[in-house]
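Two complexes are shown next, each including chain A; its partner changes from chain B in the first to chain C in the second.
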Partner chain A sequence: MFKTTGFISFILRRFTGVVLALYLLLHIWVIGAATQGAEAFNRRMEAVSTPVFHILEILLLAAVIYHAFDGIRLLIINNFRVTDKRKSMWYAAFAIAALLTVVGGLPILFYVLGINF
Partner chain B sequence: MRFFKLQRYTAIALVAFMALHMIVVHYPPGHLDFSRVVDRLGNPVWKVIDIAFLGTVLLHALLGLYDAIIDWDKVTPFRRVLAGALIVIGLVAFAYGAYTVISFSPAALAALR
Partner chain C sequence: MATNGQKRTATVRIQRFNPDVDKKPYIKEYQIQMRQGMTLLDALHEIKTQQDGSVTYRRSCRHAICGSCAMSVNGRNMLVCEQPLKEHVDSQGRVTIKPLPFLPIIKDLVVDRSSFWEQYQRVKPWLMPPDDLPDKEFRVSPEEIKAMHDAEKCIMCGACYSACQVVAMNKQYIGPHALLKAFLRTLDPRDATPAERLDIVSDPNGVWRCHTIFNCIDACPKNLDPTFAIETLRNLAARRLAFEEERRERQKTLDQPVKGA
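Showing the complex of A and B:
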């Protein structure tokens, strides 16, 4: 049971979901500095613009993309007669998520490293 | 409407909202400051889109959190208390988030300059 794609999918989706839900509340608080004016907002954005936060952003991006594609996979399985394809669809969702994380993460990494194209 | 369906509908909407949000706000990566946000949110249509996004993502996130927490047996008897707490958190977060979106105004930017 613990090695099935269904179980791994469930654990990863739930873990990323809880992390993203908690992050959402933190994100609303961080952006909320705008209610105290432009200067307060810029100060708070400065505080969360360090390389460490940008690297965390890449991990966050991975969580968002994985959660989204595994969710799309579930929607397809629940609404179309493709239950027998659920295992291969999970591999596909995981591969697409990994690829998009690299595509979306590299520009952030280059920005952190100061590499311009 | 059953919560299960609401979770699915918000998920579909979020695929579009999140893709739009990432492309428009976070790419190309760079320092995000007040003036850059005001450039976009000066258009009221973006304000409406962002507030709709906020409501949808909060609904999806808090329904998901509720689902994840009540799977823990010890919490199951207190699910009504948990639901009430999450509703309050959702309403407060939505009000604060919507107020934040409205706060990105050219007038607030002018005060900085």
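Showing the complex of A and C:
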């Protein structure tokens, strides 16, 4: 029962949820610097504009999109009788999330690598 | 006994645990000859009668209706009496049988199901009819029966309960088996207390604790749908008093003939 799509989706959902909560703390830390003036905000913004953070941004994008589409899938299951389509629905949610991550992640990756297109 | 084609040997790997002797469970292997039509329960029975009498497991009817022999076979919960051995052996002829996961082991393949029954009691699984019983028989329409989605076919085997990851983490959770029964009783037109039932399942450890993992559906040997039952209870719990009002209206005509009956 650890090999079912339901369990994999559950683990991914919880994991991405924790990732999003941790990101929120980081986000508030950066945005909160605005209360100390433009100079402080720019300094803090610079600290999180390194290539490592850009790569982490791609992973964050993946977490956001997966969490969102898995949530939409759960809302559909909550309101319509589609439990017999549970496996294909998860594959669909995962495929859409993967596709959007690639579409949104490539420009960030190109930016990090200094490729213009 | 005649066999079709080549005789094959199966290696049945059974998780053994004797609380008087062993500190923790271990796997013991047994070799048996596979026969045509042999079920996993037949294999266990052959091992117990011919090789090792100390192998302990629950079984009763052998026809998938008593719900005694639910076990974890190759990591999936199922009734061993209805599953053919040859469908579960791998390419090397091995099959692994363990007790239902996440429940305390009493001995070998027998688990302590106390929490299963305690949670079942919580939802008041019996019918609570109205005080003013009609003189004639109850008339329930085919649509109302269909809305229950065969929930009455549950045999209380515990496969869904022990497959549930929420139960694994939290034994206070009511569990898919009891919520399915609560769904059956709530939707039953003869029941007079749907609001009380919905109140019980709205507990923090009730329907809202389900994480929609679907392991209960995957495990159910009767192909029932506890997840749908939980989703229905969630939606009804949001309007439980209005639902009870509808039920009272319905019960005024409970002894009248229904359309389509």
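The rule we apply is simple: the second predicted complex is superposed on the first by the 117 of 117 C-alpha atoms of A that agree within 3 Å, B and C clash if a C-alpha of one lies under 4 Å from a C-alpha of the other, contacts with A are read in each partner's own complex, and residues count from 1 in each chain.
Here is the rule we use: a contact is a pair of C-beta atoms (placed from the backbone, for glycine too) under 8 Å apart; a residue touches a chain by one contact, two chains touch by 3 or more.
Please read these numbers as outputs of a predicted model, since none were measured by experiment.
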Would you mind checking whether chain B and chain C clash or fit side by side on chain A after the superposition?
fit
Inter-chain angle, chain B to chain C through the CA centre of chain A, in degrees rounded to a multiple of 10:
100
State whether A:Thr4 touches chain B only (first), chain C only (second), both chains, or neither.
second
Would you sort A:Arg86 into first (chain B), second (chain C), both or neither based on which partner it touches?
second
Given the touch rule stated above, what does A:Leu25 touch, chain B (first), chain C (second), both, or neither?
first
After superposing on the shared chain, does chain C or chain B touch more chain A residues?
B
First, second, both or neither for A:Tyr111, with chain B first and chain C second
first
Quick check for you: in the superposed arrangement, does A:Ile77 touch first (chain B), second (chain C), both or neither?
second
By how many Å are the closest C-alpha atoms of chain B and chain C apart after the superposition?
6
Show me the chain A residues, by the header's touch rule, that chain B contacts in one structure and chain C contacts in the other.
78
Partner chain A, residues of chain B touching it in the complex:
8, 11-12, 14-15, 18, 22, 27-35, 37, 54, 57-58, 61-62, 64-65, 68, 89, 93, 96-97, 99-100, 103-104, 108-109, 111-112
Touching residues of chain A toward chain C in the complex: what are they?
1-7, 9-10, 74, 77-79, 81, 83-84, 86
Can you check the complex and tell me which residues of chain A touch chain B?
14, 17-18, 20-21, 24-25, 28-29, 31-32, 34-35, 37-39, 41-42, 45, 49, 54, 61, 64, 68, 71-72, 75, 78, 104, 107-108, 110-111
Footprint of chain A on chain C - complex, ascending
75-77, 101, 163, 165, 211-215, 217-219, 225, 227-228, 231, 234-235
